[in-house]
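Dropping a structure here in structure tokens format, bear with me for questions.
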Amino acid sequence: MNKFIDVELFKSHCRDGMSIMVGGFMAVGTAEILIDALVETNVKDLTIICNDAGFEDKGVGKLICNNQVKVLISSHIGLNPIAGKMMSEGKMEVTLTPQGTLIEQIRAGGAGLGGVLTRTGLGTMVEENKQKVIVDEKEYLLEKPLKADMAIIRGSRVDKYGNVFYNATTQNFNPMMAMAANKVYAWTEELVEEIHPNHVMTPHIFVNYIVRESW
Amino acid sequence: MNKFIDVELFKSHCRDGMSIMVGGFMAVGTAEILIDALVETNVKDLTIICNDAGFEDKGVGKLICNNQVKVLISSHIGLNPIAGKMMSEGKMEVTLTPQGTLIEQIRAGGAGLGGVLTRTGLGTMVEENKQKVIVDEKEYLLEKPLKADMAIIRGSRVDKYGNVFYNATTQNFNPMMAMAANKVYAWTEELVEEIHPNHVMTPHIFVNYIVRESW
Amino acid sequence: MNVKEIIARRVAKELNDGDIVNLGIGLPTLVANYVPKNINVYFQSENGFINLGPKPNDDEIDLDLTNAGGQPVTILPGGAFFDSSISFSIIRGGHVDLTVLGSLEVDEKGNIANWIIPGKMVPGMGGAMDLLVGAKKVIVAMSHTNKGKPKILKECTLPLTAKGEVDMIFTEMGVIEVTKEGLKLVEINPMYTIEEVQNATDAALIIPENLKLMEV
Amino acid sequence: MNVKEIIARRVAKELNDGDIVNLGIGLPTLVANYVPKNINVYFQSENGFINLGPKPNDDEIDLDLTNAGGQPVTILPGGAFFDSSISFSIIRGGHVDLTVLGSLEVDEKGNIANWIIPGKMVPGMGGAMDLLVGAKKVIVAMSHTNKGKPKILKECTLPLTAKGEVDMIFTEMGVIEVTKEGLKLVEINPMYTIEEVQNATDAALIIPENLKLMEV
């Protein structure tokens, strides 16, 4: 199974209306080259699932500023003023989700769980229109699993099998997103022969494509 | 904070009636020296949470054969015939739990979740007396979180801060148990100065004590 | 060729290039010996790794590296270790393409019972319930009868391991598909007649016009 | 000493040896500068590590290593990186001993509102809701008023970040405990009178007999 594709082939996989999970936290750990490629395709009506809205010139912020995002599911949009503006003008639908709930929803999607039972968000706007479940007389919010058509992840190192290693704080949402999306595209600066099995953070079975600028 | 204790001090922490999570899978990744120490204390009425019942002479099997276990929560007891015998004779209460459910229950305990929503066990004996939750017209079993007074984990390497690295398949239940117990005791063959932050599998904040045979 | 070999060889033909596969203990393990040469499949070991390899030579045994039965094994190039929470996320999240399990009983609704004989044998379900519910395709690989007694039933008599999750049954007598209409015999071992297979089966078998011969 | 310094210094005295601490962005971050010399505390950064250290020198910046605000930071010896699922298991599982957060409003029931001003400011809650619910102890560190307008209220007017989770409030005027009976002023900055503090506070303050002076 040859997983290697170039950016042009990646672009040909992008479609209007797709749901895309994008790893990274304030764009740290985001595969910028794949975001740029997505911007170039100009595909529209995307549902983007990402920790935050990035910056105007960094991370998913570039997609937002290019009017490609219909729905954003995110924990924080404060560092991208355009995102807030588009939200209040009704040009982009934003679902603000507590960060811990968001990562658990993604994990639940990848792990085949029916949902997440959490106390986070109880008594706040977050609980609106959501099912509650009582366990041992304590109330929990039921937050539903999240899945996506595509995940874009960034590995500090990727081996030829598709195993991924993340350096420092670039890990964040990447490993769980790699498990929750239908097709996973990994970009890396450093392609290596083999990552030691003890150091693999995303096993190759979750990575469908390894994208490089060119081959 | 000095986390180092010897086996004698560990033994003084063991009490009748405690709940103890024991890492390991068929005793691979189990801290045998701490099990031996527990046998020596002869504390009784333990609740043991472990993937399996070990063997008669290996892993938690040694505690079972020494009549120290009142309740065993486990996915498999087949390789320890004494466990099956004690169960059918009513000398030990055994809760058989699907392995995936068991690890998720432990994770939920450590992660502050209200429970696990899973399809595993539906339509089987496992669903008896359990709450069910409907999410998007699909039925799920609600499995409750598990916590324990103590966890016994085995690190292939532990550093002086209490960070843990697990080699090969010794990882199994250890990292999640380290997050779900009140006091965590890590045993290791190899004490090192510092594990690289990228290679830590259980962060030091979860390890209360590093136990060695003697100091 | 003995019964187990016949079954394992035939099951191996169901493997597709790139499949992630989990094999149960016993007969299913043998399937790994017959993977077609022209494809890559990746065996998962639910105790925590992918790219399960063959048993090591005596001088290569690593006690830290075992399979779900606790036996020393090897890891093939490109493999990765992970903890049980990831391992079962793989299984329950639908990332396993195919699981092959042995069984005590299977019935025409695709129900399966293989984890307990009350009062007699109580090994526990281990990861079997998770695999049955989570894997994309579930294959049961077993001898057709137990000492002449049918194991493929109208309705399971033992406590179930999972309800309606079995897709196909492979025995030394043939290959059976679980369909909404019931059990369909899609291949027959030329050493047996349809009548013999039906007599060894408690459930009624649907015999299609294009019944094929099982390659043995 | 400015207002922020007064507050950060005082909050730092709440730290205990071995504490796992998460500091919010802004004022709370300053608390790290005043950790008592004789104790070890471990700062968690919710984007994925423990043992958060100070900002690096310009020549030591590692773009892969940032705090929850996306700013370059360092990791102290003994630290560990992890993914967001582990990071929030730490937070939500009750493994954080203390969190210090800024706020727009707090009320006498321990309710807090600091994530949204509808129609004006919609940054999102980030990890704040998780920290408030999950941390063992929640400290709000903020200026006592906003341009003279009280921020400590009978009842929050903005949408809540969490209900009844605040344990203590530290401002430049004093230290307030959230109790079942209401807000109790336990320390007062000697630069202010009780009357001045009460006038700057919308909720009624309980003044205990043993009201202490806040060390500033």
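Labels A, B, C and D are assigned to the chains in the order they are written; within every chain, residues are numbered from 1.
Please note the rule applied: a residue touches a chain if its C-beta (ideal position, glycine included) is under 8 Å from a C-beta of that chain, and two chains touch if they have at least 3 such contacts.
All values derive from a computational prediction rather than experimental measurement.
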Shortest contact path, subunit A to subunit C, counted in steps: 1
Of B-D and A-D, whichever chain pair has more C-beta contact pairs: A-D
Subunit B and subunit D, separation of their C-alpha mean positions in angstrom: 35
Intercentroid distance (Cα basis), subunit D paired with subunit C, Å: 55
Centroid spacing, where centroids are CA-atom means, of subunit B and subunit C in whole angstrom: 29
Residues of subunit B engaged with two or more neighbouring chains: 104, 107, 111-113, 118-119, 167-168, 197-198
Multi-partner residues of subunit C (each touching 2 or more other chains): 49, 75, 81-82, 88, 92, 134
Overall pattern in which the protein chains touch one another (line/ring/star/complete/other): other
Inter-chain touch pairs (all): A-B, A-C, A-D, B-C, B-D
Contact footprint of subunit A on subunit B as seen in their complex: 104, 108, 111-119, 131, 133, 135-136, 138, 140, 142, 144, 165, 167-168, 197-199
Of subunit C, residues touching subunit B in the complex: 45-49, 62-66, 68-70, 75, 81-85, 87-88, 91-92, 111, 116, 119, 121-130, 133-134, 159-164
Subunit B residues within the subunit D interface of the complex: 1, 107, 109-113, 159-161, 163, 179-180, 194-195, 197-198, 200, 203-206
Residues of subunit C touching subunit A in the complex: 17-18, 20, 40, 42, 44, 49-51, 75, 77-82, 86, 88-90, 92-95, 134
Subunit D partner contacts - residues on subunit A that touch it in the complex: 25-29, 51-52, 74-79, 84, 87-88, 94, 96, 98-101, 103-104, 107, 118-126, 156, 166-176, 201
